[in-house]
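Two complexes follow with subunit A in common, the first pairing it with subunit B and the second with subunit C.
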Partner chain A sequence: MEKISVTIDGRTFEAEKDRCVLDVAHENGIYIPSLCYNSEVTSSGGSCRVCLVEAHQGGRMRLVTSCNYPVRKGLEVKTDTPLVRRIRRGVLELLMARVPDSEVILEMAAAEGLTEPRFRKDEGESERYKCIACALCTNVCAEVVGVHAIAMTERGADKKPATPYHKPSEVCIGCGACAYACPTGAITLKERDGVRRIWGRDFEMVRCSVCGTPYIPVAQVDWIVSRTGKDRSFFDKCPDHR
Partner chain B sequence: MAAINSVEQLEAYRRELASAAKPDLPTVLVCFGTGCQANGAIPVAEAFMDMVKEQGLQLNVNIGFKTTGCHGYCENGPLVALRPQDILYLKVKPEDVPEIVEETVKGGRVVERLVYRDKVTDEVVPRYSEIPFYKHQLRIALRHIGTIDPTSIDDYILAGGYAGLAKALAMQPDDIITEVERSGLRGRGGGGFPAGTKWRSCVAVESDVRYVMCNGDEGDPGAFMDRSIMEGDPHAVIEGMIIGAFALGSHQGYIYVRDEYPLAVKNLTAALEAAREKGFLGENILGSGFSFDIKISRGGGAFVCGESSALMRSVGGDVGEPRAKYIRSVERGLYDKPTVLNNVETWANVPEIILKGAEWYASMGTEGSKGTKVFSLVGKVNNTGLVEVPMGISIRELVENIGGGVLGGKKFKAVQTGGPSGGCIPERLADLPIDFDSLTEAGSMMGSGGIIVMDEETCMVDVAKYFIGFLVEESCGKCTPCRDGLPRMLDLLTEITEGRGGEEHVAMLEELCDLLTWGALCGLGTSAANPVLSTIKYFRDEYDAHIRDKKCPAGVCKALITYSIDPEACTGCRLCAKNCPQECISGERKKPHTIDTARCIRCGVCKDVCAYDAVRIS
Partner chain C sequence: MTDVTKDATQFDRIIERYEKTEESLLAILQDFQREFHYVPEEGIRRLSEVMEVPASKIYAMGTFYKALSLTPRGRHTIKVCTGTACHLKGAPQILETLERELKVKRNGTTEDGEFTLECVNCVGACAMAPVTIVDEKYHGQTRPSKIMDMVKKQVGS
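Here is the complex of A and B:
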């Protein structure tokens, strides 16, 4: 891998060419807030616009999303300028108005000195709840899990993740990776009596033969076995008792 | 006929076509563009065909007949042109056909009631080329449209088609790119990026596969130049793409056409088939050893799919959403391969540039914007339609000389250019030359070339509201500023037009504009502020009137206007009372009427029907 040097907030670091600015910054202790990006998911990012930074390159300055802007030779990044703060504040104010119930957004906005959005709040839209339509859930499902059970549907302000035709998905394995990855906790995953409910479908859980705790959906075991050829008996015990 | 296997064979075939052609034969050309077909061109064409057959048999008179692409003067359709007399008939009906054949085709006389009559001077202009709408035009991209039959490849070849390709195949690919660079051709789809520079940076990327693409996803309200070219001269686009592919070393091309353009899809499909048969597409084109083919990809009509990265995702089978273009399409485009995407009009210019040379093309236009541009001139103007003029013509020349001035002698207020990504330019700047850079400097943009003329009865706040409403509907929803910012802008604009706006509304709009411009993901989002910013910049007084005085000076915003009847002008004819849907106009016959403003819904029907101009808006 080709190494190049990149300057972030006046400090110069060695980094692999084409890695994203945000990863390089975080590894070097420079915090940039973000929502829709997960460094384990290459297809994620670019949507929430919270991680915008100034990129100075070739005599030109652009505001770019650090989560997918590649570091290249001669790049100078500024993460804390008046412009960056102004636009980030604006984005967070819009998100506050969109999902007034989201604690994550409220906290992030508070860090920018925002307590109330000046715009009409989207209250009472229960379907939207806390979703900021960032598509991290669908990216995780497609890229990491590999089942494509959910996708982004609709467009504009109505954009949201959903199963095909809003019906319980036949291909969903109930793994809950979408709910785990969601930055705002907008995806509900409920478990009761050894049954997990997510995206409108119930999944029977495998109970640990030692502690009896239901810990993985049968459908997920089927998927892993079919994909990896792993012995099914491996899943008899939960990770704590293997 | 068999495929043409060399440049020599192509020229021999052209000579063969020319010797069989009879340029002096009286020929009837019926416009078969979408507009004229909608206006009833099909029965007109059928009537001509019957007449031609009948007269030909009975009188042994030969009459040529063909249907053509769009002449651009759609509001006057169906259009019928007659050659070689150079006569244009407007609004032709099937019952006019016998008279046209008898008088003009056979007798050489003009049927006066069907020719152009100037709305201001009342002058009658029978000659096609002398009609003011056409007289000031310079047609390059539209060079064949209206004269050739788009479904006939022979017609295209006879008109000089594929000669640009023949010349290109004898050139070094690199020299073709240099020629396009030197011509100064800039992308006609919106941004105006230099086409040659794009091609050059694409070949610089090492790859075994490269794609050339044509963007036919025209979506700006009122713009239809690309449709007209795809319908009326599909081979010009195809020839341009083959030349581009040869220069770039690409073997596969795609034309992305919106499915709402069925005639464009049909004519392009037929043209591709004909080009394949003749050997202009496929293996070993014209014996050069170069192979290339083109597929059509039909779009579902999302405005955002006109954005290059969304378009490529759509062609690739994904949801049409833009991606960050930090790595450009010329490096990683369709299927992650180096891709050159140009607009329909850009491709249509390429064969002419190669054939006639970069100097010829660069001799037209301005310093930074060479050649010509097709505009769709619409709105409150006497002549509307598609016009092609050299870059650098002033807004005023376009509106007054070609457009014939503002409709009904009203006051010219502004033009909106560039669609939802563009802005409004006031009348006082109408002497501005139309080119990429001056429009951008004025806070608008060239866009795809839509020009909407506005008069004193257009409310600029309402215009901004219209465009933001359009963008709210068309936002893909991927990034926060566009998805959630535009609906808030629409809220603020709606409140202003309903008299509920405060002083802080304009400041908040400006803040949101700033957020979109800096923070949105794609070009549609970053330019979405233009309709608002340009109207605030040039028409701040109108915003203030809505906010401070709760008045709409143009008399458009319903919440802020009242209708009344001027008792001096009213004759008591009762026409308004009869047409009022609310039945809230009362008065005795032959005595002045009054409107019950409490029940009036401000629909404007009374004003439209009044023959005495007695209805007032305040």
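Here is the complex of A and C:
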């Protein structure tokens, strides 16, 4: 891998060419807020606009989303200029207006000294009250899990992740990766009496033979077994008791 | 409307006309739309099976494109342009007349399944305002007093 040097906030770092600015910054202890990006998911990022930074290159400056902007030779990044702060505040205000119930966004906004957005708050339906339509959940389901149970449906202001016809999905394995990845906690996953409920479907859970804790949906075990050929008995015990 | 039970062969007849690639999906969905006047759920399921493309992906396409409808539609579609020019030239009156005469709300389908009434925002034919489109045919300078006769004449009922 070709190494290049990149300057972020006045400090120079060695980095692999074409890695994203956000990853390089975070690895070197420079914090850039972000929502829709997960470094484990190639197809994530570029939608929430929270991670905007100034990219100076070849005598020009552009505001770019650091989560999908590649580091190149001679790139200089500034993450904390008056312009970046002003634009980021604007983005956060829009997000606050869109999903007034999201604690994560309220916290992020508070860090910028914001308590109320300038814009009228969205009434919204409860199901997407916290969803910012960033598609991280659908990307995780498709790319990491490989199940494609959910996809981004509708468009414009109505865009939201959903299973086909909003019915319980036959292909979903109940792994909960979407809920785990969701930056705003918009996906509900409930567990009770050894049954997990997500996307409107109930999943029976496998109980650990040692501690009795329900820890993985039967459907997920089926999926892993069919994909990897791993012995089913492996899942008799939870990770703590293997 | 006669309810035809849709079995897989009806969909397969359309699907087999196309190559088994993801690029064919939209064309197939358009054919479904033409044939059934909407994209049936069974059609999406069958298409997903045959093409080995996740149903969620095809459903998402169905919700994205305005030209595709996921709920049953009338045999004929009437689109009233409510763009700026048409609006000024009396599109609201055209729309009201159609709603009253056909006993249907905008974006709804008549009880007998004959007509679906829709509003569209500018079809790029402002010089002909107000424009009403019945199925694929564009009618310009439409008037509330003449609109029903015109529709009946075209669909022959």
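As a convention for this text, the second predicted complex is superposed on the first by the 241 of 242 C-alpha atoms of A that agree within 3 Å, B and C clash if a C-alpha of one lies under 4 Å from a C-alpha of the other, contacts with A are read in each partner's own complex, and residues count from 1 in each chain.
Here is the rule we use: a residue touches a chain if its C-beta (ideal position, glycine included) is under 8 Å from a C-beta of that chain, and two chains touch if they have at least 3 such contacts.
Every value quoted in this text rests on a predicted model; they were computed, and no experiment measured them.
J.: Mind working out whether A:V64 is in touch with subunit B, subunit C, both or neither, as first, second, both or neither?
T.: first
J.: Between subunit B and subunit C, which one contacts more residues of subunit A in the superposed model?
T.: Looking at subunit A, the partner in contact with more of its residues is B.
J.: A:I132 contacts which: subunit B (first), subunit C (second), both, neither?
T.: Once the two structures are laid over each other on A, A:I132 reaches subunit B alone.
J.: Go through the superposed model and pick first if A:R155 touches only subunit B, second if only subunit C, both, or neither.
T.: Touch partners of A:R155: subunit B and subunit C.
J.: Would you sort A:R49 into first (subunit B), second (subunit C), both or neither based on which partner it touches?
T.: first
J.: When the two structures are overlaid on chain A, which partner does A:R86 contact: first (subunit B), second (subunit C), both, or neither?
T.: Touch partner of A:R86: subunit B, not subunit C.
J.: On subunit A, which stretch or stretches are contacted by subunit B in one complex as well as by subunit C in the other?
T.: In the superposed arrangement, which is not itself an observed complex, subunit A uses residues 151-152, 154-155 for both subunit B and subunit C.
J.: List the residues on subunit B that touch subunit A in their complex, please.
T.: It is residues 302, 319, 323-324, 326-327, 472-481, 483-488, 491, 508, 511-512, 514-515, 518-521 of subunit B that touch subunit A.
J.: List the residues on subunit A that touch subunit B in their complex, please.
T.: That would be residues 46-50, 52, 63-65, 68-70, 83, 86-87, 90-91, 94-95, 97-98, 118-120, 132-133, 135, 151-152, 154-159 of subunit A.
J.: In their complex, what parts of subunit C are in touch with subunit A?
T.: That would be residues 41, 44, 54-60, 63-64, 70 of subunit C.
J.: Where on subunit A is subunit C touching in the complex?
T.: Going through subunit A, the ones touching subunit C are 138, 142, 148-155, 162-165, 169, 171.
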